[in-house]
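The following pair of complexes shares a single chain, subunit A, combined with subunit B in the former and subunit C in the latter.
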Partner chain A sequence: MDHLTALENKSIFIIREAYYRFRNIAMLWSVGKDSTTLLWLVRKAFFGEVPFPVIHIDTTYKFPEMYRFRDEYAKKWGLNLIVGRNEGQVEAGMGPGKGTKLDCCNELKTNALKRIIEKNGFKGLLLGIRRDEHGIRAKERVFSPRDENFKWDYEDQPAELWDQYKSTAAEDNHFRVHPILHMTELDIWKYIKRENIPLTELYLSKSGKRYRSIGCAPCCSPIDSNASNVDEIIAELESSHTSERAGRAQDKEDAYTMQKLRSLGYM
Partner chain B sequence: MEDRSLHIVIVGSVDHGKSTLIGRLFFDSGSLPPEKLEEIKRVCAELGRPLEFAYVMDNLEEERTRGITIDIAHTFFTTTKRKYVIIDAPGHKEFLKNMISGSSQAEAAILLVETTRGIQEQTLRHCYILSLLGIKQVAVTVNKMDLAGYSEAAFLDLKKKIEEVTAKYGITPSYIIPISAMEGENVAKRSEKLSWYKGPTVLEALDSFEAMRIEEKGARFPVQDIYEIAGKKIVAGRIEAGTLREGQELWVLPGKTKAKVACIKKYLEPDLNEARVGECVGLVLDGADVKRGDILSESLAPSITTTVHANIFWMIDKDYRLGIPLTFKCATQEARGKIERIRRRFDPASESDAVTDADKISQAEVAEVDITLSAEVAIEKFSDIPELGRFVLEHEGHPVAGGIII
Partner chain C sequence: MDPSNKVFVLGIDGAPQTLLSEYMAEGVMPNLKKILSGGYSLHQMDASIPDVSSTSWTSFMTGVNPGEHGIYGFMELAPNTYRMTFPNYASIKAPALWDMIGGTSGAKSSTLAEKFKGRVPNDLRSIVLNMPETFPAPRLNGVLTAGFVCPDLKKGTYPDSAYEYLRSINYIMDIEASNASDKPDAFFDEALFALNKRAEAFTHFMDKERWDLFIGVVTETDRLHHFFFDAARDKAHKYHERFVFFYSRMDDMIGRVFERFMDATGGQGLFMTMSDHGFAPIRKEVYLNRLFVEKGLLTLDPAREYFEQIGQGSKAFVMDPGRIYINLEGRYPGGAVAASEKNAVANEIKTLLLDLKDSDGNAVIKRVFEAAELYSGPEAGRAPDLVAVGNDGFDIKGNIKKPEVFGTSHFRGMHTRHDAHCVLPSGAAIPERLHIENLAGIILERFI
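After this line comes the complex of A and B, so read on.
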């Protein structure tokens, strides 16, 4: 079995395991390359169907291309799309210009997500995070329990042996499940190429610039690049050494912003 | 270049330099992104420390301020030969469950022993865990050779002790390599200071390891779930051994009924008439009704039983006492049960003899036990079909032990 097929099978096994365990489950779709790949894998796991809701956390600061792509494929793939916004904070003017990045991400993303989980009572949440994205994400388990305050207890994570994932204990409110944790950025692009997965054009070079990682428009910087198709992106990554999230503002504020955000329940 | 990546776990006692070795490996082979190096330099300057290679792996604030590894981290690394997933395991006894979690994903290991401190309790424990988990490819590195003046005599002395201990615990090291992770001697580059050593560097040792070979065996398919799609019942699961073919007759275990593969399904692959080990597929079956936890098997080779004889390793800090209820999880099977008899228990790190017919098992101890279950399961020896020969025990939803069927 080749490398990409092995990665795909591991992901499908995890997705099906999570669906069996919780049934009342949802996946987070940021419309970026990783969660769109996850969505593709979910469709493969269930023979073309997506048997649970797909959540888009909308900070209102996303790129217009992302909203367009979301609506087009939600329709094409027949998704049960839930859009989550922290309306109170959006109206109060919370944004990247106000307070710290940590406050903004926490209010507009984490707290918006908390409300959706509480309202729908989801017991499992599929997320497209990867170990090679960030040192903190490298420490994650595939099935990661969260308590009622959504806290990630990174100092005392459960044992996770082979493909046996922790059962639900009394104090577990819900589980974050990470089916593509084992894929690297390069794996993702090679898989996108092999499967011909559609993506927003933000990743492709326009006048010498492209986005390598996307989120909220004010907090993402494009990189210098002439890669205007998936093959050229793969070639660029194979010869590059810069890290993927170098253009993401939230990681730069403090060495431990990601750790703090994640311990509060951030994706 | 090989296509598949090899998973390597780095183990050994606390402060013997595991995280530093990995950081060095990344740095010397040019695999460290420049901003990551900048971030590490900045954090080290803030903490008033010299450049700390361990911070490549130790990313939690608590790990850096306390100078320890708390949890495993997986990182990715490529040589001209192949891709690697490097798993850094913590060395403290209290984090043993994390070390075991990391090792359970590995095909090969590097065991570190520090020159001046020598073999410690955790060295022995980790060594035994590797052996239990069936990890056969192990390179031992003797680290901090700079502290021993790069002395060959000091190395040979420790090498002899390492050979004795590993032999006792059933491991034959592929190499024993003198290194200094801090100074980068024999990590990615051959050391001039250790010129008396003629074997491979750490990097060369990694490249000499082989990917686990998949042997051709009879088909085994643990049922993961049942879906109803377009009016058809689809039995989902992953093939854990052998090959499935359309028209094949299979036993449904533990009930010993029979079913026939009418159709093998994968999305966007309509003409599939065969699927192999490792593939996640859907089956349309004729014959017996199946449910999650059933094992579809080509033969009646698996044992159908309510008693499991196994070696287990106890991972949590609370003792087990005979009779405490547990949940047994093996492949997709789950059954309630308890340990009926503790034939012998011992601490791999201790000189004391094993206790026979014991009534408790404590943290970090290993035990040979008989587990009784409230329902039949289909199991095999770990050495025959790994997926049906290993299991996890849980108590009230928490994993407490791992086990290998003997």
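After this line comes the complex of A and C, so read on.
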């Protein structure tokens, strides 16, 4: 079996396992390349159907290309799409220009998602995160419990040897399930190429720039790149040493700093 | 070089001279007591103003005042805006000790560097561990891993081999302060874990690297003080024993590094311990921005956040801890005070603050300094116009959202300027009253 097929098999096993154990699950779809790949795998796992809701957290700051893509494929693939917005905060003008970016993410992403989980009582959530994305994600498990405050206790996690996933938790908890945790950025692109998975054009170079990672428009910066198709992206990644989220690095450092200062009573 | 010229500095963040004295008398710190009886003295020392770690540690590492090194706190506003930024090592304008003896000052200069130029070698190696305000790690002649705030261990450590080592021992950059209120036992456990990791890393680098200057800092003392300083002396406090136990482990570490250092230098090296500020119990937190709002000096636009809330016609605002900035025309986008009115506004604020009393009639502010009294140098133009220093017990805060002038929270300890400590060999040539800015000069003298 080739490398990509082995990765695909593992992902599909995890997806089916999650659905079998929890039933009341959903997946998060940011419309980026990773969660779109996850969505593709879910469709493969259930023979073209997606038997649970697909949640898109809409901060209202996403790129227009992302909204267009979402609506087009939600229809084409017959998705049960739940769009989550923290309406109160959106109306109050919350945004990256107001307060800190951490506040903005908290209100428009985290709290919006909390409400959807509360309302629907989901026991499991499929997410398209990958271990090589960011240092902290390297500690993630495939089945990762969260408490009612969304807190992730990374020092107290099951070991997950031999594909034995722990899937029982206290009443208030839900599980994050990460079917593509084991894939790298390069694996994803190679898989996208093999499967011909559709993506938004933001990833492709236009006048010397492209996005390597997408989220909310005000908080993402494009990288210098001439890669205008998937083959060129793969070639670029094979020779690149900068981090995937480099365009988001300063924000992360500032957000961390702010959280630390706040915990000691500054601000 | 002659091993007897080595210098070892053990930084103990926020450890007050008064508390160390008491703990030695009570037998909590027998190792420190033994060191003192062998020819060392414990001095009370003044910290920088404002007495926050970023400013005070930068004063220690550069040996100059904030008017030269440029660090006035953990936060600043970006020029001509009300947008917050976070100064880090890259913002420091003066060379640090390791630059002055390691040949890495580059274009940086300072009055202290000038004084020692050509008199100290420029090829000495330094090991700097967990020193606050050193992120991102500079390429020094030696090894450095940054202390608070260090968002990324890899970027905070130089060279890469040191990072690989720290990762291999599960070294942690900081402990999770947010556990202090809801999981206090986990908080104390993690503080001890961090202390052990620091000790492990200190002894590793002491033994495995070639060095002339070693600076190792323990920051967990500061964290304990912020949340549990009321437990330091109160024997009935639920966490008194855990607090004291931490200090006994700290004392153990002091004893171990002292012995190791003395063995390596035949008893001739210069050993010191020091802190960047002292601590006192909090009676009340004081939110000066709220006072300014009530007195018509500040208007806030609640639709915005942090300092971008500062509204039209505002005359002044406060950033942590007691840094007061006058909203000058030309300096800020909504500047409302003309240069000619600046002194009048400053005087109005001084009077207001010095008259401020809490509900029991206690005076809140000990002194209001003008910038020129505290700061001199090329960075003095960015200094706060006034700095308010509170009486012990009144923790001056720059929080902009509080609905009242006075309040309390889960914090139990506040920084003080006057009760930092320094342990030095008895008879060392030092000023009558030590200031943290003096220490770099004392260290450099050793390398002449």
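Assume the second predicted complex is superposed on the first by the 246 of 267 C-alpha atoms of A that agree within 3 Å, B and C clash if a C-alpha of one lies under 4 Å from a C-alpha of the other, contacts with A are read in each partner's own complex, and residues count from 1 in each chain.
The rule we apply is simple: contacts are C-beta pairs under 8 Å (C-beta built on N, C-alpha and C of every residue); 3 or more make two chains touch, one makes a residue touch a chain.
Predicted, not measured: the structure shown is a model, and the values here were computed from it.
Q: Contacts for A:Arg131 in the overlay, against subunit B (first) and subunit C (second): which applies, first, second, both or neither?
A: After superposition on chain A, A:Arg131 lies in contact with subunit B alone.
Q: In the superposed arrangement, which partner chain does A:Gly93 touch: subunit B (first), subunit C (second), both, or neither?
A: second
Q: Which one hits more subunit A residues, subunit B or subunit C?
A: Result: the larger residue contact count on subunit A belongs to B.
Q: Is A:Thr257 in contact with subunit B, with subunit C, with both, or with neither (first, second, both, neither)?
A: second
Q: Determine where on subunit A the residues touched by subunit B overlap those touched by subunit C, and list them.
A: On subunit A, the residues that contact subunit B in one structure and subunit C in the other are 135, 256.
Q: Going by the contact rule set out above, which residues of subunit A touch subunit B in the complex?
A: Residues 1-3, 5-6, 9, 12-13, 16-17, 19-20, 43-49, 131-132, 134-136, 138-139, 141, 154-155, 157-162, 164, 166-170, 172, 182, 184, 241-243, 246, 255-256, 259 of subunit A touch subunit B in their complex.
Q: Give the list of subunit A residues in touch with subunit C in this complex.
A: 92-93, 98-100, 103, 135, 252-254, 256-258, 260-261, 263-267
Q: Hey, which residues of subunit B end up touching subunit A in the complex?
A: Where subunit B meets subunit A, its residues are 3-5, 30-36, 39, 42-43, 56-57, 59-62, 70-76, 83, 85, 97-98, 100-101, 104-105, 224-225, 227, 229, 234, 236, 238, 265-268, 276, 278-280, 282, 292, 315, 327, 329, 387, 390-392, 394, 396-399, 402.
Q: Could you list, by residue number, the parts of subunit C that touch subunit A in their complex?
A: Within the complex, subunit C contacts subunit A at residues 52, 74-75, 84, 86, 148-149, 151-152, 154, 174, 176-178, 223, 226, 303-306, 308, 320, 395, 397-399, 409, 411.
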